[in-house]
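Here is the structure we will look at, set down as structure tokens.
Note that the chains take the letters A, B, C, D and E in the order they are written out, and that residue 1 is the start of every chain.
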Amino acid sequence: MLEIKNLAKVFGDRVIFKGMDLTINDGDVLSIVGPSGIGKTTFLRILAGLLPADRGELILNNESLNISGDRQGAQVGVIFQDFNLFPQYTVKENVTLAPQLVKKLSKKEANNIADELLTNLGLEEQINQYPFQLSGGQKQRVAIARALAMKPGILAYDEPTSGLDAGSTERVIKVIKQLKEQGVTQLIVTHDLPLAQAVADKTFDFGTDVLRGGNL
Amino acid sequence: MLEIKNLAKVFGDRVIFKGMDLTINDGDVLSIVGPSGIGKTTFLRILAGLLPADRGELILNNESLNISGDRQGAQVGVIFQDFNLFPQYTVKENVTLAPQLVKKLSKKEANNIADELLTNLGLEEQINQYPFQLSGGQKQRVAIARALAMKPGILAYDEPTSGLDAGSTERVIKVIKQLKEQGVTQLIVTHDLPLAQAVADKTFDFGTDVLRGGNL
Amino acid sequence: MDYIIQILPSILSGLKMTIGVFVLTLIGSVPLGILVSLALRSDIYLLKWVMNAYVWIMRGTPLLLQIVFVYYGLSLANIMTLPRFEAAVVTFILNYAAYFAEIFRGGIQSIPDGQYDGAKVLGLSKFQTMRKIVLPQVFKIVMPSMGNEVVNLVKDSSLVYVIGLGDLMRAGNIAASRDVTLVPYLLVGLVYLVLIALATIIQRRTESKLNYYR
Amino acid sequence: MDYIIQILPSILSGLKMTIGVFVLTLIGSVPLGILVSLALRSDIYLLKWVMNAYVWIMRGTPLLLQIVFVYYGLSLANIMTLPRFEAAVVTFILNYAAYFAEIFRGGIQSIPDGQYDGAKVLGLSKFQTMRKIVLPQVFKIVMPSMGNEVVNLVKDSSLVYVIGLGDLMRAGNIAASRDVTLVPYLLVGLVYLVLIALATIIQRRTESKLNYYR
Amino acid sequence: RSVHSQDTWRQVTADKTVVIGVDDTFVPMGFRDKSGKLIGYDVDLARASLKKIGLKAKFQPIDWSMKETELKTGHIDMIWNGYTINSDRKKKVAFSNPYHHDRQVIVTMKNQQINKLSDLKGKRLGAQTGSSGLLTYTEKGNSLRKIVGSDAQQYDTFDKALNDLQVGRLNAVLIDADYAGYYIAHEKDPEAFKIIQTNFGTDSYGVGMRKGDVTLRNKVNEALAQVKKDGTIDKISQRYFGTDNK
């Protein structure tokens, strides 16, 4: 179970959000919505330990997580809005790198996982290309495959289907549903209503469910 | 009038598309669709003179454009899929730079244009921020404002609403409609069906309207 | 201590020469280095080849020799007789431009293609793209490497002794051999250390100023 | 021509020394430079301060003096008596590491934050992130600047004369003063030019190899 | 001014000035006092002599290793700075008549127990790179070289050699007598040093000029004769060496 209590974030003197409270049960699929610039990505980055919060608590399975922004370990898998693929590695290497380095899988095991994921996401033909040789939607899907390959317990997607055509979106929905069956907790920041309707158990609306402005 | 005749593009030994024929009348709004990785961005880049084509012709108002990829001048304004904002400049500077340098507008004139555009796109609060301080959707809109500020005769959008919430998408649609009234030719690569329906006169489908595979 | 105050005026006048060579070299070699770095990336094969040869010669031969060549060689060959200071500065500029050119070449290479694309579709000329989009980003990237060459320049400036210019080091030499003591050398060494500390601090300051964006 | 063949063996044995110093210095100073560059970016104030001082001293004082200090100074002070060659190599490594550290610091700074983020959420350790994600990209960026220092290293290696090591330059000196001719100097100069051309070519090759991605 | 074989008298004296190349670190021949003014035996002598023939001396600091090139390329008109006359140099420049004579001596510390040349057996000897003492020393069959039995340690300046002598890295230094006199006089304890004469030939100093500049050379010889005759040169010698001109 993941609990977020009274979380707040300030940039400079601008309060992005405050008083954010949210509880997510294991295996839930939560969609996070809200207008552009409201703080959705910021929240995901805090959750992943990439950005410090200014107040509040993150509690994962009754253990409090460090919110200072330099937490170690990858409790939350993230698919970034701008992908952050590693340019010097091929698609396959991008996907197999972490399982080998972190999970100490053999090259063969990692390859098997990567092949399956990349096929599911329709990237068979791109496995040996480098990121600069990919289309926008292909990068998007590689980023998804890379995060999935680590089989994280919690997975956060930042606009996973932005720029994806209907067919590719279908594939992503299928993946999310499969993971849900496997009990993976998933947080999906999206403006894509059909996607949210197709997969989400609950919706968190940044436009109405957090406080903004004023002081901390 | 913009005519595309028998255009073809090859990466390595992969034919991305060939035999592409298309005529766009002045003031038309064309939506370009097709699955991820099919060549939509590639086409826009060729059109903008950023990438060489391997065969074919681009004819703008009965004048043949150089397709070797090193054409000078900006016949086509482009909003890129990954924005390409200039990191060292603020939002406002990103928008006013080209009008001042290329159109030799005064700083004041350029500022007026920028202020209007940025307000229309809901970025009043971001004018003095740097790109790294923007959310994904904000970057997207700055990229649109930057291209619009040059008032190009032809404007090409690569997924202009990907990652945008409904409200922001509305604003973009309004902008496109305004430009249409002013007679600007617009090409919009998008997976966003509501957007396409709302603004497009015609649709070009990469999935069916171009040839692929085999040899040139 | 008294002694130091006594020799300070001559040391300071040497310092003036050193700083003169240093500043003029920087002012000249950075722009020239940028031009050469662009030529090194040019599509014109001949230009590229010539510039590569230039870089090779400038980096491959000792600066001391180059100074001697420009000052004496050119007048021996009846090509041109440059005044001493001008000859020194010209040579330093030519030499350091080669080093800077390599640094800038690296910096320019690491600017993402998207920046060029962005500038091009807005109609910016190649010159404007360089001046307004690429180079500002390059400077941010190459500052630390430039720092290395700036520090080398401070030290290399003492090579002007070979054509008889009275720089800091020579001022030290004169005092040391006149008064038969090592104190002037210590003093001169200290001045160099301070100069290099200053250069390093200015470099770090500039870096953190450029850090307003990412 | 005959004369050149006569002195060639001694020149070649000098070359061996020069290349030895060169190669060992590179092998030692690049990794050390990486470590120092990381320390320069560290959050630990003291470590950062010490490393800044290290870079300042190493770049601020002449390499020649540093060699003298390590070889004579340390044994005079009864701290340590290093054999000549080892003393030279150690000093060169310490000196060049400072220059490389600055270059790497710049390279590391210019890697986008997103790369660190990407690695972190995948659970890569800081070491793995550096080793597998950041440094490979840094090398691509800094190659040209590193080339400058490599070229300087080739030339600086002649400074080992000061502690009596028989390098290329000394071999030339000996032959020149024995046979009262400038030919050995020309020959030695040529060898340096060739070495530097080789270094430059290897650098450019590596660069274009690293160019497989953008 | 770069034409070597022609007489450039007209050009050289167009503004009644000749440019003299000096190494301004060469104590006591040409150096700067603490206020930065150029002084020295040769500097004073050149000023005085040229005045006799109605010319003004303009001193140009040069690097000593570049002196002949400076002259040949016309950047200077004469070398007048403890410039020893020898056959090698005669090939490159034309000398005036000699105006000063100097000997090579050995400087050592009293506590080294070196009293005559033969005591130098197996000792460490220092000298200045390119100095005339070292050139003689390295000649084949030099008797001192035979006694010492090894090459001299070379220094780029005399003061570095003398420093090493005091700290004991050297046992003796081969040096010009003029310089030795100046140096020892400036030591805190001049009594600690000892000078031993060598059997090396005397060095004669001359003014070096371009071979073509015959007119200038004649004028300079004339001037030197005058300062010798009227005692000016002895006054200057007293000032720097403490003796009449030798």
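By our rule, a residue touches a chain if its C-beta (ideal position, glycine included) is under 8 Å from a C-beta of that chain, and two chains touch if they have at least 3 such contacts.
Fair warning: this is a prediction, and the values are worked out from it, not measured in the lab.
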TODO: Determine the set of chains touching chain A that also touch chain E.
DONE: none
TODO: Count how many hops through touching chains it takes, at the least, to reach chain E starting from chain B.
DONE: 2
Open item on the list: By mean C-alpha position, what chain is farthest away from chain D?
Closed with: B
Task: From chain C, the most remote chain by mean C-alpha position - done: A
- [ ] Name the chain with the Cα centroid closest to the overall protein Cα centroid.
- [x] C
Task: Averaged-CA centre spacing for the pair chain D and chain A, given as whole angstrom - done: 44
Open item on the list: Averaging over Cα atoms per chain, report the distance between chain C and chain E in Å.
Closed with: 36
Open item on the list: Need the CA-centroid distance for the pair chain A / chain C, whole Å please.
Closed with: 49
Open item on the list: Give the residues of chain C touching no fewer than two other chains, as numbers and ranges.
Closed with: 112, 140, 214
TODO: Quick one: which residues in chain B touch 2 or more of the other chains?
DONE: 82
Task: Chains grouped in pairs wherever the two touch, ordered by label - done: A-B, A-D, B-C, C-D, C-E
Task: Interface residues, chain C side, partner chain B - complex - done: 112, 114-115, 117-125, 128, 132-133, 136-137, 140, 212-214
Open item on the list: Which stretch or stretches of chain A touch chain B in the complex?
Closed with: 11, 33-38, 40-42, 81-82, 122, 126, 133-138, 140-141, 158-159, 162-169, 191
Open item on the list: Show me the residue ranges of chain A that touch chain D in the complex, using the header's touch definition.
Closed with: 45, 48-50, 72-74, 76-78, 80, 82, 84-88, 97-98, 101-102, 130-132, 146-147, 150
- [ ] Over in the complex, which chain E residues touch chain C? Could you list them?
- [x] 2, 21, 24-27, 31-36, 60-63, 65-66, 69-70, 72-75, 157-159, 162-163, 183, 186-187
Open item on the list: Quick check on the complex: what are the chain D residues that touch chain C?
Closed with: 52, 55-56, 59-62, 99, 102-103, 105-106, 109-110, 112-113, 140-145, 147-149, 151-152, 155, 189, 192-193, 196-197, 200, 214
